[in-house]
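Both of the next two complexes hold subunit A, though its partner changes from subunit B to subunit C.
What follows is the complex of A and B.
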């Protein structure tokens, strides 16, 4: 599956990036195509582009604060919203929930 | 080069879009409170209206945030979240050194630039987490603050002394020229150092018994917001919804003599808007001089009408300048939706 994700935590210096890494790693292991945008203290990095959105099957929002640019995902039915912690601790379970 | 300019416009618009409600909130509160108290020769009299005085102060608080918010969100537009701290700090310093909204634009761009440079520093994985919350805010704020105080603060003070001196030498010999100069100065930076110099010159002249100088200033003060507000009413199709709303607020502020109502327009397109309003205000001020308008209060706009000499000329001068600004800005605008 082609999966997009955004991670964001209130401080935006540690968990945001840990969650991103863990999602990317688990996704690759499970054979998904994953792109993770981080909305941390540095601002938006690894931004999800229009090209990324094309043909995307599902979205994971691992965020403890409101996400910027959420409307980009209008039209993608499979959107999973979870706390950042879950993406760090058990990313495989999140991918399983998307199936 | 074109790309840089395109981006520059986007950064400015980002700052403007956040600052508009601050200008409207502060402007409307100040205008409302001033409009409801008697206008006297010493300015609006708040001695019997403690509640209105409070509203005035709340409005002034919102106004004090205009330059920092403008600078902060210009930097945000350029460099995302890390731009906010140096932008706000730089904007606050711009206020402190009296650099006005043009100083705020400079502060915002400096802040954004500083953060973009700092973001490029190669840092080890260990240090990465402290970059956005410690290293970048501290270093960029120090850099922007030093530049604002050092490069802008002292020269602005000297410039103001120099301009005040020049105005005195220009004297009241040729009233029309003095009017043109004062009008252009009032409109140039709307509350910034050039505007303040002209305004304080007018106030000083009242004390010396010459009310004509303040008369010219008073007409010039309200022309930029009235003109731009009128422009949005005359050709609504050429302006965005947001601009039409700022236009209404600008009309209210203009009537009460708050030039700052024009800032959202000027900050978005400085090179186009500032010359236009300078022309309109210069015309209005010169006409006021010709008509022998005098203003006994250290304040401008239609609100001072009770303490103005030669009221018909006063209103006519304002009307002329306002129409010029409105018509020229509508013609100068390409109908593209921004």
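What follows is the complex of A and C.
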């Protein structure tokens, strides 16, 4: 599957990046194509582009604050919203929920 | 129409006892009745009547007038005008603002787990524990039977008043810290209204002791009814005087209170005399009622380093109740749980790091000697407790001011010796008499000067009164045998002045006592090479130097701006002084308010100053600030500042902040291995205190609270035995990464429910410009998902090895993720 994700936590120092790393590692292990955008203290990094959106199957929003640019995913039916901590704790379970 | 002097009342603390006594003393010296009119309160008082003066309820900003009558009234008011601009400002000790209400904070609340505590006001810092000892102030029943011999009673009262005044003045001798307090009390004994009330009571048939109690009760009631806390505070001084008067009338000494052992003294009222009568080594803490941080007892508690909390209501605990007084947070903990001991022990140990004797240093290891400025000998032990490496400025003139006759050689010798003995071999710089037109002495007739700041000040005055200087030099020479004494001449402009004093010193003693000079006159600063050839050392007095550089009276806020301290002109003359002193190889230090402003330390370090002298209370913060600076960055900062043209531009440069602070994110002292923390509270406490001790955070308690705020939102235990406590807070001065590896895993509320054995602290200001440290934090957070990295952090045998693991992983090699 081609999966897009955004991670964001209130301070944007630690959890955002741990969650991103966790999703990328688990996604690769499970054979998914994953791109994670981080919305942290340094602003938006690894931004999801229009090109990324083409053919995307699902979206994971692992965020504890309002997501910026959420409308980008308007056409995608499979959107999973979870607390950022879940992406750190059990990323494999999130991918399973998307199936 | 009588002449008058209009002024705006300047002191933040209002017209409380010490300034009032000083103003009274100055007015009495004129021999004329001087009247104070407060335009806001509408009250009027004769300056001779201290209680009446206090009752004017004068606060900062009040429009006031002084009126004088009789021949010389104009001159007396001119004298008072000069006094109000200068010496008067020093009578209000800084830090006297109302104390903040106590607050337990998150960690302590959790550790207390419902154990009772009282929220009071923090007035003297530190933490102390012991069984409660209640001290009650009660006057023994006085004889209420009437007396017909009014004359005898009146004579007895008069004797008691005179003797009490004499005892207070005697107690003040050689105790300059307490001198102002005791002399203010002595002045109250001469208050006409109060004494009149006692005499009236005797006239009505009371015996002298009953008259004292009655007049006291009335006067106290009047003060306690005021809505001015400073005035209410004076009720305690009256009680103190009542104690004395009754002791005199009864022919007994003030009873000393024996303490059974170490304890926390709890009292609704504790007068300064009663505190002084206690065995202070056994007093672990003080819990007092009401009052304010300006209470004389609170000031003494700070002087003696006794933690003190004021309670809003009369504190009462069963005798022997175990109490902990938290003088930093303003709490009294009753029956504190044992878990608190370890928590407070961490605080004590880490605070000790920033007050330890030995040189303070920048983060890159450049030692900066921190010395203390003293007003009085009594402050010396406290200054050394706070880590002073010596006394950089002992203002001897305080011994000479506000008294009727100059201090004898013996009295001076005792004061100087007291400081030298407290110094235990560390250097003590005694500034020779710095008085003159701006700080006149009542016992010396001085010609009136149109412009006293440009007149016979400091050394210029010595030629007119050599006898006073000789006595001081004799006293200093005798005292010098008790330690490392150095003498410093104030207001030197020319080499000849230094030679004059050297000749006087040679006459006084054959001993080779080092003789240095204050550099505070621009002419001296611009002729330093010649002065260095004859001076043993130099000390820059920035207050006067800046005043003379800008031709701006520093007592006049309309012309003297605080920003003159960091104006490029000031920095250029400071740079030149440092350069000339270094070329001549002459030891250089700097005293003055600049040294006490943490924000200016990067500039002073950058300009080459390696020895600073400041008020004892400011030492710890200066030490912490220095520990966070990088000397090379400071030099670059100073170079840039020297090229600017306005104070505002320097301010902007300083505000950038990051430029002068240490660029390092972490260091060996921020890697704590095998830490024996038993709770998460202790772990976060240790991290917060360590950051503050190393100059990376302003206030350890506030940083601790910021970390807890994050923890409460959701625990930072991320699984695998790791936690990343973090915060974005203005309390953080330098972005910091710290590692705490625990001896035993702790419950942390982690995502996977497992205990934590390794905590990584990430702290940032959030507005420090540059994302470099945030990038490192992000990379670190990602790497924690890597099992090999976690194992390397766990296995590193030393802090240095662990730092290598971090460096290898975190230093930028490639972007953390593809763009």
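Everything that follows uses one rule, which is that the second predicted complex is superposed on the first by the 99 of 99 C-alpha atoms of A that agree within 3 Å, B and C clash if a C-alpha of one lies under 4 Å from a C-alpha of the other, contacts with A are read in each partner's own complex, and residues count from 1 in each chain.
Here is the rule we use: a contact is a pair of C-beta atoms (placed from the backbone, for glycine too) under 8 Å apart; a residue touches a chain by one contact, two chains touch by 3 or more.
Please read these numbers as outputs of a predicted model, since none were measured by experiment.
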State whether A:42 touches subunit B only (first), subunit C only (second), both chains, or neither.
both
Kindly classify A:28 by the partners it touches after superposition: subunit B alone (first), subunit C alone (second), both, or neither?
neither
Is A:65 in contact with subunit B, with subunit C, with both, or with neither (first, second, both, neither)?
neither
Examine A:85 and indicate which partner it touches, taking first as subunit B and second as subunit C; both and neither are also allowed.
second
Winner on subunit A touched-residue count between subunit B and subunit C: chain C
Which holds for A:10: it touches subunit B only (first), subunit C only (second), both, or neither?
second
Touch test for A:96: subunit B only (first), subunit C only (second), both, or neither?
neither
Report for A:20: first if it touches subunit B alone, second if subunit C alone, otherwise both or neither.
second
Between subunit B (first) and subunit C (second), which, if any, makes contact with A:76: first, second, both or neither?
neither
Set intersection of subunit A contacts, subunit C complex versus subunit B complex
11, 13-14, 17, 40-42
Could you pull out which subunit B residues touch subunit A in their complex?
79-83, 119, 128-133
Which stretch or stretches of subunit A touch subunit C in the complex?
10-11, 13-18, 20-22, 25, 38, 40-42, 45-46, 64, 85, 88-89
Please output the residues of subunit A touching subunit B within their complex, sorted ascending.
11-14, 17, 40-44
Under the definition above, what is the set of subunit C residues touching subunit A in their complex?
710, 713-714, 716, 718-719, 724, 726-728, 751-752, 762, 764, 766, 771, 774-775, 777-779, 781-785, 816-819
